[in-house]
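Quick one: the structure is below, questions incoming.
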């Protein structure tokens, strides 16, 4: 029966495509009864001139919407629309009054705040938001995974319905800034005390939580009697009422699918489109590709406690051997900025004028010799997360280091394994990123301070620690800036990490999108965005 | 019959115990601390310790497993470390998506494969037969995630007929279902062809023809009905393949199903979710197999009689 | 193939078995599909063997050339270049080594483990049979890929661990096949007689029972290698296969996935490599099945 089969092999290759097509036609009629899922097509609302629904295609799954029990950017982007913080952080790096209208330092360790008196929760009863809620929220945060966002907090004292005082351990230049983090947005004390189911969903924002099906979508609906719409006082821009009736966040984890979904009109916004597909989006008249400088720093780093990487000169040799232009090209097609310092661009005191270590194989070889490895001969392992863009970065660096006689074995692993390995100090070389757009202390202290949990370099240096403390507490701005620059120069020279590049923020969306508010760090604010018609 | 069903259901118990132990144990061995993922980038060592304490991660493995099983006996499969949601509830929310995908895949496979199998059997050893067999060979040799990518390339990118991913209505299920269904169609087609070949030569077929039935009637009324049992067996045997195919197709097409749930949960070291979901998966697969067995009985009274005797 | 059939045949019937082998081989040669499959596999093995001579691993297979990145297929680069400017032709040719080693390696481990378990279950019966088969059933009730993902998560990503993870599902298949075959041979007279002669159990299994279960094992082996190559590429696709920069086919495919729109050949060509290899294995497997058991052939 199969005798003639062999003769048909060549024909077969042609035939598959034909059969494949007819197969595709067959399904159109066959799948009918299996698909009953609700289709989310936005019904046009001619009167208001905008679509009812705004659909945002995200690159990762939302995983937890309990404000203080999570630390992920994607969750915070959703929650930004439903909950509001005491301090508002603008996309130009300024801190402005949020739910708190003003604050002043009473002394080094006490800050007195005044709240808006016209804010109420979206719990259906218009329960007013008071200083009690603030105290409740902050106290609760100290017991949760959000506590590091509130480092230095001692207590909160309620001075009146709309006044409270926060005591801190010591004076810190950036304490008030901490209050802008989304995890510390104000929640309703009453909701928790009344035993409402999932009380963390109740906030004061222009949108409220509607439904969330994991892996599928998360839907927010506009609050009709939102405080910002009913108050007779002046409302700042960030607190204006929403426009679109609903905002859907839909995860399209596969990057190409997300782009195609945008082109097909299934979604209105494509977060983090793959760089190599931008040309297709740019030629599409209905789509706008927006690009601006970002703040996400990708770096290559050493575990400085592991031989031979405890040798500073050797680390510098490696830094000189890395062709960062190629890294930038391979990782994001050049859509980013090469970086010399360890601080995220845009943060206060950013200083990039030190000499640093540019790509220079000759210098690298000299430094290798100086470090005691004239012929290389080092074998080591590079650990990184098995996701984009680390794979590309690792591939380039592996080839670079081979040139100076360092044999690198690549060890891609899942995030969880990477973090454990790094925390335990079992890694030798690693790739990681740091995304911080508001507080410099969250860079210096978290990454380089002795004993910090996220100091994966296991770097410990008395001078660096001292400078970190000085930057945090020095009140004279000029002196503080001096310290900040000295610290950055010092850390670059010590070379526990080799900063590679800062990725640009790239986002693609329906050209009719209005009211968007982008942050270089990716924490976009969608509450006023809509699709105009 | 009922006795038989009960017996089969009782056999699930050791499956659950062994599966849960193995998976829980394996997840326990994986490097990667869930506390680190929960606490985020800014975690302090004290905070990690506190989280581990709260989640009971510091207890010895057997204590944790014991606690897990104790919960399970009471019908509580625990909560996800990451989302804090109930494991069983999350599974049940996701299951319909996978069933929808799997169901559509089987449907597509049957719709393509059955007629093709019969057709090739009737035209045995002609070029038509050979083309059909090549179709089947390609189906079994093709990595189905690759097929998925090729379908996206052709039908989403070039032609723009179907969405390339996500779950949004009818059209979005087509490509993932074809992806899962093609391999299955190939198997069903081969089985249909060979069991039709068996049947075609039987005496009752000749009798039917002699009685003056049209060829169409002979094939469908007499031939197909008798050829169905091996075909159903073939589908039943491939439940595991459908699940495996779904894991990949769900990744390619961003389809929110069980496969992606398990895969993501493993990556996040969400032990409770992984164990719970895999146990539920194997229970589902056992149940589907049971249903398949019962369907045989429906089509073949001889097997039914056997059950009655055994039970 | 030839070697295998000869080594397992027992001394006293060498002549008979050789003729039997020749007969099988003769039948196999008449099946054109199987012949094509065999030729393809032979070519592939040759490619795998000579690719270290034809290409330099350090410069041509993993060596980067950013100036030449993403060049479409041309005379200089038959299959084009990838995003690091590496020649895809060299990578696919070299990748055959990985796919073949992983495929045959995992299935061979699975064959050994599965055969031992299956032989014990089939021969001893009773409680052994119950225990082993229940265990195998449980593995059957979890989708293979989930088992593999869990195992790789436990062991970490490397080629060896990938082989181990894949050998599990191969072993369950062999266990079933061998058990069924052993059970049919177990009660034959010649087995009983050697029992009576006082041969130890393992010798009876190795000398008398397994050689007689050879046909289903050979067929299962050929088909399983194909399945395993697909599974290996699936795991690479999920990001837990062979680590970069090794040019395993699944890894090539996974890397090319994000370039589907602007450089679709990066995704299409490695896929075709997998497709044709597995196709060849399946053709050979089907051919072997027919040749080994003429009764099945209608």
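So that you can tell them apart, the chains are marked A, B and C in the order they are listed, and the count of residues begins at 1 in each.
Definition applied: a residue touches a chain if its C-beta (ideal position, glycine included) is under 8 Å from a C-beta of that chain, and two chains touch if they have at least 3 such contacts.
All values reported here derive from a predicted model rather than from experimental measurement.
Trainee: Using the contact definition given at the top, which chains are in touch with both chain A and chain C?
Mentor: Of all the chains present, those in contact with both chain A and chain C are B.
Trainee: If I count C-beta pairs in contact for every pair of chains, which pair wins?
Mentor: Looking at every pair of chains, the most contacts join A-B.
Trainee: Could you grab the centroid distance between chain A and chain C? Build each centroid from C-alpha atoms only and quote it in angstrom.
Mentor: Measuring from centre to centre gives 44 Å for this pair.
Trainee: When the centre of a chain is set as the mean of its C-alpha atoms, what distance in Å lies between chain B and chain C?
Mentor: It comes to 23 Å between the two C-alpha centres.
Trainee: Mind checking the centre-to-centre distance between chain A and chain B? Centres are C-alpha means, answer in whole Å.
Mentor: 36
Trainee: Could you list which residues of chain C touch at least two other chains?
Mentor: 153, 156, 257, 260-261, 298
Trainee: Touching two or more other chains, which residues of chain A qualify?
Mentor: Counting only residues that touch two or more other chains, chain A contributes 1-5, 7, 9, 256, 413-414, 417.
Trainee: Which parts of chain B, given as residue numbers and ranges, touch two or more other chains?
Mentor: Chain B, residues with two or more chain partners: 30-32, 137-138, 150, 152, 157, 251, 266.
Trainee: Which positions of chain A touch chain B when the two form their complex?
Mentor: On the chain A side, the touching residues are 1-5, 7-9, 11-12, 15-16, 19-20, 23-24, 26-28, 30-32, 34-35, 37-40, 57, 61, 63-64, 66, 69-72, 145, 147-149, 213-216, 250-254, 256-258, 260-261, 264, 266, 413-417, 419-421, 423, 434, 442, 446, 451-454.
Trainee: Touching chain C in the complex: which residues of chain B?
Mentor: 14-15, 18-19, 22-23, 26-27, 29-32, 137-138, 140-143, 145-146, 149-150, 152-153, 157, 194, 197, 240, 243-244, 247-248, 251, 259, 262-263, 266, 274, 278, 281-282, 285-286
Trainee: Residues of chain C touching chain A in their complex?
Mentor: 30-33, 35-36, 58, 62-64, 66, 69, 83-84, 153, 156-157, 239-240, 243-245, 255, 257-262, 286-287, 290, 298
Trainee: In their shared complex, at which residues does chain B touch chain A?
Mentor: So the residues of chain B touching chain A come out as 30-34, 36-45, 47-48, 51, 82-85, 90, 93-94, 97, 100, 103-104, 107-108, 111-112, 124-125, 127, 129-131, 133-135, 137-138, 150-152, 154-157, 160-161, 163-170, 172-174, 177-178, 182, 251-254, 256-257, 260-261, 264, 266-269.
Trainee: Which stretch or stretches of chain C touch chain B in the complex?
Mentor: 134-135, 137-138, 140-146, 149-151, 153-154, 156, 226, 230, 233-234, 237-238, 250, 253, 257, 260-261, 264, 267-268, 271, 274-276, 278-279, 281-283, 298
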